[in-house]
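In what follows, structures are represented as C-alpha cells.
Two complexes, one shared chain (chain A), two partners (chain B, chain C).
Up next is the complex of A and B:
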C-alpha cells in the first residue's frame, strides 16, 4: 500500500472505527455526552431481547437485497457489455441519471409511487393483482423493493466492467463444443467474471446492512433495521455509547464477511493449479 | 468428388458490405480443404456460417446431405479451432478438453478415458492440470485441437490456427496438423491468409477475394495454372505481360505482340485466335538470367535487359531486370556452376529467357492485383511510385 492511501485510510477509516469501539466502552452521560471511566455496561445492554429479531431482519433484508441485485445485475451487465457502443452509452447514462437527484428525494418518490392512492397501487388494482385494502407501503416488501432499486447500480457497474473485458469468443467456443446458451453463461461467463460478482456482493451487502433512511421512511414498526436502532439511540435517546456499541456490532458484521471474501479470493489465486486436479 | 460439405450459392451481407458474395464449393469427406485469401475476403465468415455463428442471407450449407441452416451451433457436428484458441481460462487443460463430453453428460469413466486418449495424442499427459495461462502458445494450440477433436466432429473448422505462433513453432505445428489429419481422418476446413500453409497442407484450395471464390483447385493447379491475375499475384509472385495474338504457330503455340518487347511465344491452351487479347503470367523461378544470350530455340523467349536490383537470399537470388516499361522479377536457384561464375550485378546487361510452356494465359486480369506482389527494394519502389508507369515487372 502506498503511503498517501495508508494515511488516508488511517485518518478517515481506522481512527473513527477505533473511536466508536472506544466510546462503546464508556458510560453514558445523562446530558447526552460521554461519561468518565470505562464500563462494560453498554455492551451488556446489547442483550436487549428486541435486538436478535432486528439483527436477523437486517441480515435477511440485506441478503435478499444482495441476491436480487445480483440476479438482476448479472444479465443487465452482460447485455450492456454486448450492446452496440451507442446503446451501451445510453444504457449506462440511464443508470447514472438517477444519481443526479438526491437519494432522499428518490426514496420519497417511491413513497408517492407506492402510496395507497398512488399509480402503482391503482395499476395493480386495475389489473386485479391487489385487493383494495392491501398496503404496498410500511412493510418489509417495500423496504426490500427500494433497497434493490437503490443498490442495483452498485452491482451492475462492477459486473458490467468485468463483462466488458470478458472475451465473448469463449461463449462461442462453449456453444461450438455443444453447450446451450444458458449452460455457457453459467459455466463460462460467470466463472469469467467471478471477481466482479464478489465485488458486487460487497458493494451491495455492506451498505445494505447499514440502511437507515429506507426502512425509516418506507418500513413500518415491524421492519426496523439495525441502522434505525443506532439512529434512535443517538438522536432520540442521546445515548452515544449505546449507539456506538450497536455501530461496533454492525462494523464487525461488515468486516467479517469482507475479510472472509478477501481470504477466499487470496486462497483461490494462490492455490497451485495442481491442487485442482480434475479427475 | 463426393460433396460431404457443400456450399450452395452462399451469400452474407453486413449492411452494404458483401462479406460473402455467392460462394459455391464442395468439400469431400476426409480431405484437407483450405479457404485462402487476404483479410476481409470473406473466408472467416464462410467458416463461421458452417459453425453456426453466422446465418447466410442466401443459399445453404449441406453437411452429409443435411441442411445446416436451422441448427444452432451446439447441435452441429462440427467443431472449431479459434484463432486465439479461446481456451477457458478458469479451467485446467484436462477440464478444457473434457468440456464437450461433460456438456453431453457422458459417464465419468468414459470422459476420463477419452481425455486421457486425447492427452496422449497431443503428448501433454504431464500438463493436464495446468491452466491455459501456464502453458506455451504451441501447447495451447494442441489443447484447442484436442478439445475440438474429442467431440468427434464430422468437420473440423480451423480459423487461422497458426497465426499467433512464431515462425519456428508454426512450421512444427504445420507438420503436427498434417499428422493429426492423417491420424483422425476427419474433414478439415482450414482458413488462412498464408499461401505457404495452404499449399503445404491442403488437398484442395479455394482462393477467395472480396467475397467471391476466384479459383478452386489442388495446390499445384492453383500455383501453376492460375485463372486470374489475383490468384497469380496472391499465391507467389509472377510477371504479367499484356499482348495480342499475332499468329498461330504450328501445334498449340501462338506468337504474341507485346508493346515494347520482342514478340513472345507461348502455349495457347485457351485457343485464343489471332487478334485476341492475352494476359500472360510467368513465375519468377521459371525465368533464367544469363550474361550470354541463350542458344536460339523457337520455343524459348529471350529478352535482353538491364539488371536494376540483385537481392541475394542464400538459397536463391532475386533479380529485377528492366526492359522498357517492364520490370521482370527473376528468381534463380544457386548451383555449384553458378557460384563459380562471376555473378551478375547491378546495372549489367543480361538475358532473361523462359520456355514457351512456362507462360500461362489468364482468364481475367485486373491491374490492381499487381499491388499484391512483393515490391522491389525500397528505393525503386519509391521511384516507381513517383514516376507513374505501367508496373508490370
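Up next is the complex of A and C:
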C-alpha cells in the first residue's frame, strides 16, 4: 500500500529537489539544456553584484509581510474566537471563502484595482490624496500590499485555532488583578497562543520567500524578488544551471527558518516540563 | 467590563479588504468601460468576445483533461497512502509521512523549477503529460491528508464486526470501510480538482507547446494583451467554477464529519 505513493513522491518530489543542488554544479549548454561534466562556475555566477540587493529585498518584503500579517491576524483571530458559536462559524467562513478562488485571478484583481485608470486611483485623486501622475502599481508597496492580502489566511487560521482553545477567563483574572486590557492582551493572551504565532510566522514567511507571481505582475524592475530571477534564468535566458543555483539558495533560505522554529519549539517544550517538575 | 473595539474593527476591515478586489473584478466584467475606473453601462460584450476566442477553449480543454487525470491518479495514490499511514507505525511510515507532508510546505516555485530540471535531465518532452505528472505530485499530499483525517475518526470496531460476521479482509474493506470513507475520498478528490484547475506556477514551469492551461493562458493575457475586461469575464467564470468545487468539497467533508 505504501509503495505507489512512496515511489511516486520519491521520483517526482524528493529526487527533483535534490537535483536542484546537483544541477547547480553543472555547466549550461548553449541549447538551453544541461551541459556535461561538473563545474563551480555556475555557483560563481551567484556573486553577480545585483544579487545581494535582490536577496535583501526578498528577505525585507517577506519579513514585512509576516509582521503585517501577524499584526492584523492576531486581533482578528481573537475577535472571531470570542464571538458566539454561530458568529464564529460565519466569520471564519467569510474569511476563507475569498481564498477558494484562483490565486492568479486575485492578483489580477489587484492589478485592475490599482491600475492608473482604475477605481482606487480615481478615489485617491478625488480625495486629493494622489497626484495625477503618481503610480500605485509597479513598486514595492503594491507587492507588499498584495503579499499581505495573499498570505493573511495562513496567519489567521492557526491564530484563530489557538485562540479558540484559549481560556479567556485568564484575561478576566488578569484584569481583576489590576492589569489594563491591552496589558493583559500582551502579557497573558499572546504568550498563551505562542505556538500558533510561530506556526503563523512559518506559514507566511516561507511561501513569501518563494513569491514570484506577485512581484512579476504588480512590481517593477526595482521590486524584483529572487523568484523573478529564477524564472528569468529558466525562461528568458534558458540557463537552467544558473536558475538551479539560485533555487538552491532559496531552498536553503526556506529550510533555515523551519529548522530554527522547530528548534525553538523543542527547547520551549522542554523548559515548562522542567519548571513543572521543580517544586 | 468594557472590551476594546479594535479587534472587531480589524475583523471588519479585513473582510472589506478580502472582498473588495473580487467584487470589483466581477462588476467590471459587466462594465462597458475598458479600465473599469467608472461605470459606463452594462454589457455582456466581454463574455461574448471571450466565447469567440479559440485559444481560450483550447486551454479549457487542456485544463479539464489534466484536472480529471490528476484527480483520478492522486485519489488512488493518496487514498492508498492514507491507509498505509493510518495502519502502520514504522520507521518507513514516518519517512512516508515526511515525504507526504513536505510538498505542502515547499513554495510552489521551488516545486516547479525542480520538476522542470528533473524533466529536462530525464529527457521528457514538456507537454500535457509532464503537467499531469506535476499536478498528480502536488495533489497526492492533499488527498492523503484529507482521507487520513477521516480515517482517524473511523470506528475500527465496525471492521471487526464485519470480520466476526464472516467477511474476509477484502470484503470488509470493500463493503464497510470504503463506503464509509467515500465522502472523505470525494472531498479529497474535489480539493485535488480545484488545486489542479487553479495551479499556475508549477504548470508554467513544466508546460510546453500545446499544453497551455487556463491559468497559463490568463497569465499571458494579463502580461501581453490589452483586453483587460475579457480577462475579467474569464476570471469571473473560473472563480465561480473553483468556488463551486471548493464549496462542494467542504460540504461533503462536513457531512461526513458530523
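Heads up, the rule we're going with is that the second predicted complex is superposed on the first by the 257 of 279 C-alpha atoms of A that agree within 3 Å, B and C clash if a C-alpha of one lies under 4 Å from a C-alpha of the other, contacts with A are read in each partner's own complex, and residues count from 1 in each chain.
The rule is short, and it goes like this: a residue touches a chain if its C-beta (ideal position, glycine included) is under 8 Å from a C-beta of that chain, and two chains touch if they have at least 3 such contacts.
Remember, it's a predicted structure, so these values are computed and weren't measured experimentally.
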Chain B versus chain C as contact partner of A:105, first or second or both or neither: second
Partner chain in contact with A:9 - chain B first, chain C second, else both or neither: second
Partner chain in contact with A:121 - chain B first, chain C second, else both or neither: second
Partner chain in contact with A:191 - chain B first, chain C second, else both or neither: first
First (chain B), second (chain C), both or neither touched by A:175: both
Chain C versus chain B, contacts on chain A by residue: C
Which superposed partner A:79 touches (first chain B, second chain C, both, neither): second
Which superposed partner A:207 touches (first chain B, second chain C, both, neither): second
Partner chain in contact with A:183 - chain B first, chain C second, else both or neither: first
Overlapping contact positions on chain A, where the chain C interface meets the chain B interface: 172, 175
Chain B-facing residues of chain A, complex: 167, 169-170, 172-180, 183, 188, 191-192, 194, 273-274, 276-279
Residue ranges of chain C in contact with chain A within the complex: 1-4, 6-8, 10-11, 14-15, 17-22, 24-25, 28, 35-38, 76-78, 80-81, 83-84, 87-88, 92-93, 96, 99-100, 102-103, 105-111, 113-118, 120-121, 133-134, 136-137, 140-141, 144, 194, 198, 200-201, 205, 215, 218-219, 222-223, 228, 231-232, 235, 238-239, 242-243, 246-247
Complex interface listing, chain A residues touching chain C: 1-2, 4-6, 8-10, 12-17, 19-20, 23, 33-34, 72, 75-76, 78-80, 82, 91, 94-95, 97-98, 100-106, 108-113, 115, 117-119, 121-122, 149, 152, 156, 172, 175, 181-182, 206-207, 209-213, 217, 227, 230-231, 234, 240, 243-244, 247, 250-251, 254, 258
Footprint of chain A on chain B - complex, ascending: 51-53, 72-75, 78-80, 82, 84, 86-90, 92, 94-95, 98-100, 103-104, 108, 112, 128-131, 134, 147-148, 151
